[in-house]
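Heads up: the structure comes next, in structure tokens.
Chain nomenclature is as follows: A, B, C, D and E, assigned in order of appearance, with residue numbering initiated at 1 for each chain independently.
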């Protein structure tokens, strides 16, 4: 089990964004996390990568307890996180953003990333702020891939990306999983496309796991029910 | 049908990079025009040119027949053009209602002096704007959160606030930059209905990557690639254009 | 309840700030901010002197309670703190308030309120103004001093070209009024410096280019030091003639001493200061044969042993002593009006080497100065005895040599 | 009740309270009350600019400088003008200067704006050195404003406190209207996101300039009131330290709130005074006594920002809320 | 020697000082996005340490070394204890905290060393227009600036420092130890600040000695572009020379007014300084 969470609770002040989440992501799998707006998907990823500290519960990565460790430590352990809405450093150039992603890696995946995202190639020297919305998203994903992580957390990676690019990313993720055993935790609003690439899925509602199972086993009806659970 | 906005041979360059090359298109009243294309194709730049945020190197833009020349972004709202920004672009330090009230600014009639002195006229004006803003929020089903700060709201709601801000001034042309991105499936369906309803009142231009949605919502679609219009026409036609498939769609949708 | 405006408090039997065993006085001083360097020690020295007097039993059985308020050399704050001293602390008098821009803003207030405002720490001319009955100067005014310097240069250093370097406030303006009576025709350049800008290279360079063989420096000590160093930097040999406010060899030695350690003998402080001419109206701290200096050294050793003994310290002590002397003259029955009378009595004859101008007609402080030159060992020698004069066209005449000693004044003790 | 009426009633009540207080306290407290009044005007103006519009000014002392010199020069050269005209003109002159500053500063952000306004605070008072005969050089101007109406049987300090506070409350009513009204909303929109504000129809430059104009007019008025009160205008009073303490007072009180401006003005007058009194009552060596009040003021700044990030106003509001909640 | 030449060379020497302090402002701005008003205070304290070491040991260079080290330590401490917590309260909060620190440090210096000026020597002989001391100052500043430029532009440490400052969260996700980087930047900035103090102070040291110099250094940093070390150094020398001309040709009372004029002219043409650039795109 590469990543596992047990009874994780995360609060923002009085709001319990995660309310006892149990979750495990086996090695070399692509796991989707689904859920309505505000279900706690983003919070789940931020808690795993150490950007917010859970108030209780435990998270292990490769058997090591990482609960409460600083985000940079976790990142250097080989966990990549592409946060919601990019997270590129707009003041740095494209090249510097990429370099940053590969600092901890002996041979960063520079060429691979440029192959995956051709639009970045001729903009390496430009300030990241000049990029278009989709190009920034590419850069964010590219930066996470640079360091060749073993686990990748993706928060709505297809946001603002053209269909071709989204498909290419999914292809690469599957390819990496097969070649290098990359483990992926994928948050998507578009349940259908997420389920089509994932093996497993968790559905969150009100900060807790409402449903989980293999991707095929989760039907659209069941999903709807879990989503609607929000209004119960 | 009246031609509201027409863009003729607009070219935009950013030191060495051609973001738009000789782009021409027209928006007619009561239609929903889709603008699609690969990332970096120049869609947002097109909006920016219309809004006056980016100056084109060449080409002209007409609004209701008159040429806009060196217009400023803030002059647009009072002309009847509203836009949303890619992402959110809300004012984080202001409540939902205040956010929408800012958009209602062009409707205000009292001058600065009467506002400064807090005269009755200003108060009446303000009350009217407030009603209008609340109505708009209600229309989008989010009147309940009018006092909340944007940061405390789910993304989908925030997107509606941004839409409300653009809608409140009752524009004749609405420019929406990726309105469906980040929304859940049911929200996307709702948005479709809303825009269809809107199109009876104003013209809409949407930039969007959710191609199924674009096909459902738009009556016409323009496809940009590397800053050039590579195809334009009805959705069904666009979907099967080989250049569009190669550049953008990958597989026919 | 408050007294309606307009009613003065100059007369009346019970004087504010006076009780059976204390008299409260106040002052405003720059303890922080731009003018603190240079002047923050004056009140420390005055306090030492008052402690000495109090420990000896005070004046007419009253201890002096000396309240120092920091105004940061900011005129607005001067007004505020002086109002505080007058209205809240109910001081009997303001003593030695420091600075022209600062103190000038409270003169009118103090006079309408009838508060004695004595021994102002500035040499501006305006303290001696018939309209301000409560206000008295202390230092020799900058014009008188300028006249004495001008005459000395005219007589003793004939034919040499003169350049002026002055602070661009009334220190400089008033001094030039005096200097110009004697050496205007030999003045080849006039350079102003701004107290906030420590780079005086442009000015010193201009003096050098103009070929000034004498530089008259109406400067505070830091700028005397800066000018001397800058001259040394440019290899500019000239005769400095410095006003009393900036000519203290002890202070200057302190300011220049680190160069002695580092640069070899040529740029040691004594070498830099050697030959500098200055004017003064108080005995120099180095004059151990002077009975006043002996007294001040005693007070210094006892009450502020960790501070260097400079002429700034002598200034503060002399001022405090002078005020105490006025209190003594006023008598046990203290009122503000009587203090003013005592000040005007002409009987105050203190540590200074020239007489005060105090009388019913004049509220001028010291009326003259002596001229000294710095020896190679940084001691000083008098090169022109104390002269006295007025600020107009009057003659410059030798000051009376008779001067009371501390023992003769017999301020304190049995 | 309209916004205006509510504000005016509140201001009248406040004025009545001030008058009442001035009748019972000692003259020096009256001086301090008046001092608080003019700082209040300056800090309130600054809070409109910085809290409301997001523009940091490290140079508001320069506008006080303009206001004070305007009053000083008018009193000296046009003695026939009534003092309230002088005050008005002080506000107008500074407002015009502020407009120019705003025009130059409209494109500046963050530290660049801070640097430019700091330059203003340092540079402008130096004009007095250039025109020593007219502006009095470093000595500045000294004058007396005789404003006490004949026949009014009150002390000078009481009268001055009333004048200052009447002006201050007038200004506050105006500012409250601005902050609560449409214009305040425009200011905040520009502060939060310039691009979004522009596409919502707000003229960014004009809005920023207006903010600067109003804010600097307040600064000028404050300077004018100071001159009216103290009868002085000298460059040494308008150092960078003044500008910085105005900014500090604003943050101390609570950015963006007019109540905060009041707390800030009180703190500006009373924290140093209190630190001074405490220091004097302790028996410390002179080096320490001389510097301790400065250290205390600095420490108060640090502690308030770190412990009460929303300033005194935030702390008071929280306290008030918990009292109200605590009541059964 | 012509006046022009003297003013130029003299301006160069004071420009070195503005450049050095400006450089330290640039470093800390790059490391924290905060303009640190306490920077001159830390420099002052470091220089006082050098003064005391000089007094006790009589060796200038020991004091020099102590000051640089002390600067770094003070910088790191101020970051950990004050600036970091203050950063959570936005630009204004940070400005006020650093201001508070400035006042406290100046007061402490006054308590320990009194407000009276002390004599503080130059590193080398100060005599001569092109004195050894001036040459030293200019060289040291150029070398430091080049070092800083190399650090930020070409090393991974510099990249990490900038990333940590611009976007702490994104940097942390890339494995950057944000806290450490910020502290390192602050320490480096304060060390360069201490160097500036050592160059600026001679001949006299007192608690407010750096106030005016700070204003001109900030002018230089802003005019040069706060993000750009080389721009700041150029602007520092430019400011020094320009103000020297103003002082020499037009009068010393116009110097502060002139620095205001420089700011206004440069910033109205280039809002991010001569060599700085803001975000190239905001929509």
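Basically, a contact is a pair of C-beta atoms (placed from the backbone, for glycine too) under 8 Å apart; a residue touches a chain by one contact, two chains touch by 3 or more.
Quantities reported herein were computed from a predicted structural model and do not represent experimental measurements.
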For subunit C and subunit D, chains touching each: E
Minimum number of chain-to-chain contact steps, subunit C to subunit E: 1
Higher-contact pair (C-beta pairs counted), B-E versus D-E: D-E
Distance-maximising chain from subunit D - centres being C-alpha averages: A
Intercentroid distance (Cα basis), subunit E paired with subunit A, Å: 42
Computed distance of Cα centres, subunit B from subunit A, in Å: 30
Rounded Å distance, subunit A centre to subunit C centre (Cα mean): 76
Contacts with two or more other chains, residues of subunit A listed in rising order: 130-131
Overlap residues in subunit D, where contacts from two or more other chains coincide: 129, 195, 290-291, 294
Where subunit E touches two or more other chains at once, by residue number: 106-107, 110, 114-115, 211, 251, 253, 255-256, 282-283
Each pair of chains that touches, named by its two labels: A-B, A-E, B-D, B-E, C-D, C-E, D-E
For the subunit B and subunit E complex, residues of the former touching the latter: 44, 48, 53, 85-86
Residues of subunit D defined as touching subunit C within the complex: 24, 26-28, 30-31, 35, 129, 132, 137-140, 142, 144, 148, 153-159, 226, 230-232, 234-237, 239, 241, 273, 276, 280, 286, 290-291, 293-294
In the complex, subunit E residues that touch subunit C: 3, 6-7, 10, 14, 54, 58, 60, 106-107, 110, 114-122, 125-129, 131, 203-204, 206-209, 211-212, 244, 247-248, 251-253, 255-256
Subunit B partner contacts - residues on subunit D that touch it in the complex: 2-4, 7, 173-174, 177-178, 181-183, 185-186, 188-189, 191-193, 195-204, 210
Residue ranges of subunit E touching subunit B (in the complex, touch as defined): 283
